[in-house]
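Note that chain A is present in both complexes that follow, paired respectively with chain B and with chain C.
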Partner chain A sequence: MRYRRQEAGTALLFLAPALVLFAAFVVYPIVYNVQASTLRWDGVNVGQFVGLGNYKELLEDPVFVTTLRNSAWWILLTIAPQAIIGFLLAVALNRRLRGRAVYRAIFFIPAILSPVVVGIVWQRILDPFNGVVASVGRLTGIDVLTQPWLSDPSTAIFAAIFVNVWMWTGFSMLFYLAGLQLIDTSVIEAARIDGATGLQLMARILWPLLRNTHLSLLLLGVIGSLKTFELVYVLTEGGPNHASEMLPTYTFKQAFQLQSVGYASTISVVLLVVAVVSSLSMVRAFGSGFLTGDET
Partner chain B sequence: MTRRRYRPDASGRLHLVLVPLAALWLVPIVMTLGLSLLPRSNPKTTALGLLPESPSLSNYVEIWQGNPILGHLLNSVIISVPSIALTILFGSMSAFALARLRVPLKAVIFGALTLALILPMSSIIVSTFKILQSLGLYNNLLGLVLVYTALGLPFAVIIIRTAFLAIPNETYEAALIDGANRWTIYWKLYLPLARPALSVVVIWQLMMTWNDFLLPLVTLSDNALKPLTLVPLAYRGTFLSQPGALFAILVLISVPIVAVFLAVQRYLVNGLAGAVK
Partner chain C sequence: MVRSSKRYVGIAAGAALAVGLSACAGGSTDESEGSASGTGGASTVTFRSWSPIEQTTAQMVKAFTDENAGTSIDATVFNYPEYLVDLQTRASSNTMPDIVGLQPGALTQQYRDKLMPLQQCASDTWGSDWQSKFYPIGIEQARMGNPDGDENFYALPLLVQTVNLWGNSEIFEDKGVTAPTTWEELESVVKKLSGESYAPFMLPAKDSWLRNVVFLQIANNIEPGLVYQAEDGTDSWTNPRIVEAFEYWSKLFTDGIAQKGAIGLDAYPSGANQFEAGNAAMIPLGAWWIQQSDPSREDLPPLSEGMAGYEPFLFPTIPGGASEAQYVGGIDVALGISKDSANPDLACKVLTDWIAGAGAQKLVNTFNDLPAVTGMNPETFTSDKQQEMWAMFTEDWMPKVQWSRYLESPKVDTALGDALAGVATGDLTPQQAAEKVQSAQDAAS
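And then the complex of A and B:
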């Protein structure tokens, strides 16, 4: 008994630094947000208690509807392409292939670049006057390519999504490569002997065996989509006229440009609830093994 | 190994697909490098706007002389390096406790940690700003280090814990019986074995600390303290007239992180897979 208590004490010492930082910069901000979401507050003067007023206002806010729609598009149109291209790249680059380290680096490097860099670079690429896309359009006569992708409200969000796919596909590839290392080679060997073609091997054996990787990427993808801020902020600032607004960019605008800290906190709380509920329901549906590395 | 079984002609066909795809993927990178060589004297481009007509290194000289770039670069280092070190240390300590020790409320702690993985930076930015202010860490690089460490810990704990779990439990028990205390086991045995996982954490944490601009944008008012990522945003107006200099800065922001990535690249896949060396 004494031994056990001593071990628990040691364990707490091991955990202490992480828990302290965690309390200060994760738990406290959440509490703070919840509290501030009940105030009409500019962040400086004393706030005025409005109960659930901010939430009611948010539900009637057309921009809020836009952000939800954009998040839905983001989730739908980033996760699947990133997973499929990433998977194919991983299968191709998992074999002994000349230059595979170079290929891996080329596809992964966009993911490690700053969104500031990626945003500014793609602004230029998509620029209707100086951009590469427009130049290709003029050269080939495909006029549609010369349109202002980022400043047209009907295309802005999709252009940002496209850039996101360029940026993060290599990340999915790396995850799949890691997943492939865990597959027992004898399974592949056996399938080969049974005469499975490369395509069958990929679709019937590798893809199902990578279940945990799919789930991790799905979870990270949903959370990442909801959290998207930097890229959109640099590319479009959520514009034009909120057309590419995401929940985090809208939060930022409310808090730092419009000085409605109470309202911004309300958006944050809603965002957090949506993120937590969707993560929890995934963990509930699929088990938590894909996240914790435990066998389920 | 299974690899010998692939038909010999398959890899040739693979290159046929991979080369064009890789080339397409590289377009933005090539353009960034190309435009960084675009001199102010001749802002004309060729090759679909990818390359300058008369390349020159003048922009690199200019940004070095015109802005306190070295200072901004140092700020980025002062933010990133300590935060990576702390995340590795605190993260691996927690991971050790969660993997091998009897922890009260283990599930709650683990669940709470994953909460931070979900938390968007923009949601905590206002409150973080207030906390840092009350701690006297507003407009201070240490404040950034602490926040990034807190936000990076969940991922670190998850990845390192997986690696620790892959180390046979018998090793741990044998060491205990030999009279090693838990701190020694953690430091001398577990930490070195988890090197691939640690390299993943290094890259992950570097991506957050080196690339983020929201937190410094809000918590640093002093221009001299700003990290490299804020330079393009801070001087956006100035750069409008000289895109070459802007792209040279973008290259400068990217070179260090790409270099670190190339250095640890060969560990990453195994590290993510939770393998131990």
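And then the complex of A and C:
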């Protein structure tokens, strides 16, 4: 009994640094945020307790509804295209190909650029007055290219999603390349001997064997979508008229432009709940093997 | 093992709770617990702001420390959004810098309780008639939003500005047109300049601040001062004259005055770069555009050389509105001193030096914007044209600025920006836009 207590004490000492950091940098901000969400507070002066008032207000806030809808679009329209295009690029660049390292680097470069730079560049590319896309449209007579994609409320969010896909597809490609290189080549050779065509090989052998990569990308994609800030802020500032607003951009505006830190904390709490629930749901649905690396 | 795990979880939760209880959100900070602001010693003050830019701030710091041996200034300049985050975090953790950059109205009011009244500092430095040194709009805006009866100055203006239009002189000359002074002339000039590779009227309307200042110029040209009456509750945003201002804003888009996709173009860097590259004949910006020909800049684009290619003019008058274009503007950046500054005397000395001393001269030399005090001029101009423009801004326009480029409440200001975006995209009619701003006004008051 004494030995077990000693053992537990030792274990606790080993765990202590991590527990302290976890408490200080994860648990404390969450507790603080939840508490702040019950206040009408500007972040500087004394707040006024409003209970669940901010939550009630949030449910009636049409911009909040827009942010939820945009997050749903973002998740749907970024994860699948990034995965499919990334997978196809990875398969193509996993073969012996002259200059494949250069191609890999080219496709990956957007992922390491600052979203601010990407935002400014694409804003100019998509500028309907003087941008490259509109100029090509006018020269070729393709009217659709001259549309004000970022300034039309009905298309702004989709234009931002398109830029996001362009930016992050190389990241998915890198994940799939790593996954492909872990696949036993004898499995692929066996499939070829059995007469599998290239398409069959991709669809029935490689794709299923990359399950953990798909799930990791899915999890990262969902969390990344919910956290999206810089790209949208630079491209559209969440506009026009909140049409491309995301939860983090709206949180930032409320906290620092409208001096409503209490309300912004409420949005953050909702964001946290959505992120935790979606992550846990995925782990529950697919098992935790894709996170731990264990086969499931 | 399960029991041990539970115990560890319990310890973590306990630690979190303890930390949480020790520093709650929204509470007042016990002054006795907090340390005095500023991190330097007795001869050091800290300064944080988003403006002036870093290189200019460094020159101002050097000018002050050269004249005041043994002192030092720890200065950090951020971009504006980052600065707001930094300031809020520092203010709520009692680590506020000695001197802070502020905007008049909501931002100054948010930090009012943490700022030192500055009239004593001003009076000690400049004498009892110190207010007469400043442009009237700067003095008025410095106290914007103060509670009734509170006559303190929690911030003093450092730089001021007008908001106005700029024209491309080369295009105007080439097409034989002059800067429009009336709405009809604006329409006619835009028509004459259409069909070229440049935008006749480039409106970078992605930014809420720019939408608002253009609207305020329109609204004041229709019925001077009415929007401020709507904001203080003595009139209404749904007043037909304000609705008319929304209609004229709408016309910029529906009548093809603004370029296609205007609501997606930001003022900086895109709009400004395009104007400087000669891709626009007119653009709404402000007096600060004169810095395009800052003497320290090299390899200037041809239009910016000595401001050769630019000319400022006021927003055209509106049919049935004021007979003369109105001057809209105000404080660009103001400075405040933390109430808890460890060295308020030195902070005061720095602040007043930067507003009207050797540091201010360095600032003015860069044409960053217009000085808040009258009578300060750059030591070097890049051309006679720039000197004439400077004289016009500082001697003719700035003293006449009567209407603020800001609204007092950030919520109403944001609601106005949103409403203008809604009108621009066709989501809202002018009447609906006015009603939306009025709703925000009702909620905020």
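Quick note on the criterion: the second predicted complex is superposed on the first by the 271 of 296 C-alpha atoms of A that agree within 3 Å, B and C clash if a C-alpha of one lies under 4 Å from a C-alpha of the other, contacts with A are read in each partner's own complex, and residues count from 1 in each chain.
Note that in this section a contact is a pair of C-beta atoms (placed from the backbone, for glycine too) under 8 Å apart; a residue touches a chain by one contact, two chains touch by 3 or more.
None of these values were measured; they are calculated from a predicted model.
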Q) In the superposed model on chain A, is it clash or fit for chain B and chain C? A) clash
Q.
Looking at A:124 after the superposition, I want to know if it touches chain B, chain C, both of them or none. Which is it: first, second, both, neither?
A. both
(Q) After the superposition on A, what does A:221 contact: first (chain B), second (chain C), both or neither? (A) neither
Q: Could you tell me if A:151 is touching chain B, chain C, both of them or neither one (first, second, both, neither)?
A: second
Q: Identify the partner contact of A:86: answer first if only chain B is touched, second if only chain C is, both if each is, neither if none is.
A: neither
Q. Which holds for A:45: it touches chain B only (first), chain C only (second), both, or neither?
A. second
(Q) According to the stated criteria, A:252 is in contact with first (chain B), second (chain C), both, or neither; which is it? (A) both
Q. If you stack the two complexes on chain A, which partner ends up touching A:238: first (chain B), second (chain C), both, or neither?
A. neither
Q. First (chain B), second (chain C), both or neither: which does A:276 touch?
A. first
Q. Comparing chain C with chain B, which touches more residues belonging to chain A?
A. B
Q.
Considering only the listed stretches 61-69, 79-87, 133-141 or 241-249 of chain C, which one runs into chain B in the superposition?
A. 79-87
Q.
Going by the contact definition given at the top, which residues of chain A touch chain B in one complex and chain C in the other?
A. 8, 11-12, 15, 19, 22, 24, 27-28, 32-33, 36, 43, 120, 124, 130, 252, 255-256, 261, 265
Q) In their shared complex, at which residues does chain A touch chain B? A) 4, 7-8, 10-12, 14-15, 17-19, 21-22, 24-30, 32-33, 36, 43, 92, 95-98, 101, 103-118, 120-122, 124-125, 130-132, 135-136, 139, 166, 174-175, 177-179, 181-182, 185, 188-189, 192, 198, 223, 226-227, 229-230, 233-234, 247-249, 251-252, 255-256, 261, 264-265, 268-269, 271-272, 275-276, 279, 291-294
Q.
Using the touch definition from the top, list the residues of chain A that touch chain C in their complex.
A. 8, 11-12, 15, 19-20, 22-24, 27-28, 31-33, 35-36, 39, 41-49, 120, 123-124, 126-130, 146, 148-153, 156, 236-237, 239-243, 252-253, 255-259, 261-262, 265
Q) In the complex of these two chains, what residues of chain C are touching chain A? A) 4, 7-8, 11-13, 15-17, 19-20, 23-28, 81, 84-85, 88, 91-92, 106, 110-111, 113-114, 199, 202, 206-208, 259-266, 269-270, 274, 279, 410-411, 414, 418, 421-422, 424-425, 427-428
Q | List of chain B residues in touch with chain A within their complex | A | 1-3, 5-6, 10-11, 14-15, 17-18, 22, 25-29, 31-32, 35, 45, 48-50, 86, 89-91, 93-94, 96-98, 101-104, 109-110, 112-128, 130-131, 146-147, 149-151, 153, 157-158, 161-162, 165, 182, 186, 203, 206-207, 210-214, 218, 229, 232-233, 243, 246-247, 250, 253-254, 257-258, 261-262, 265-266, 268-275
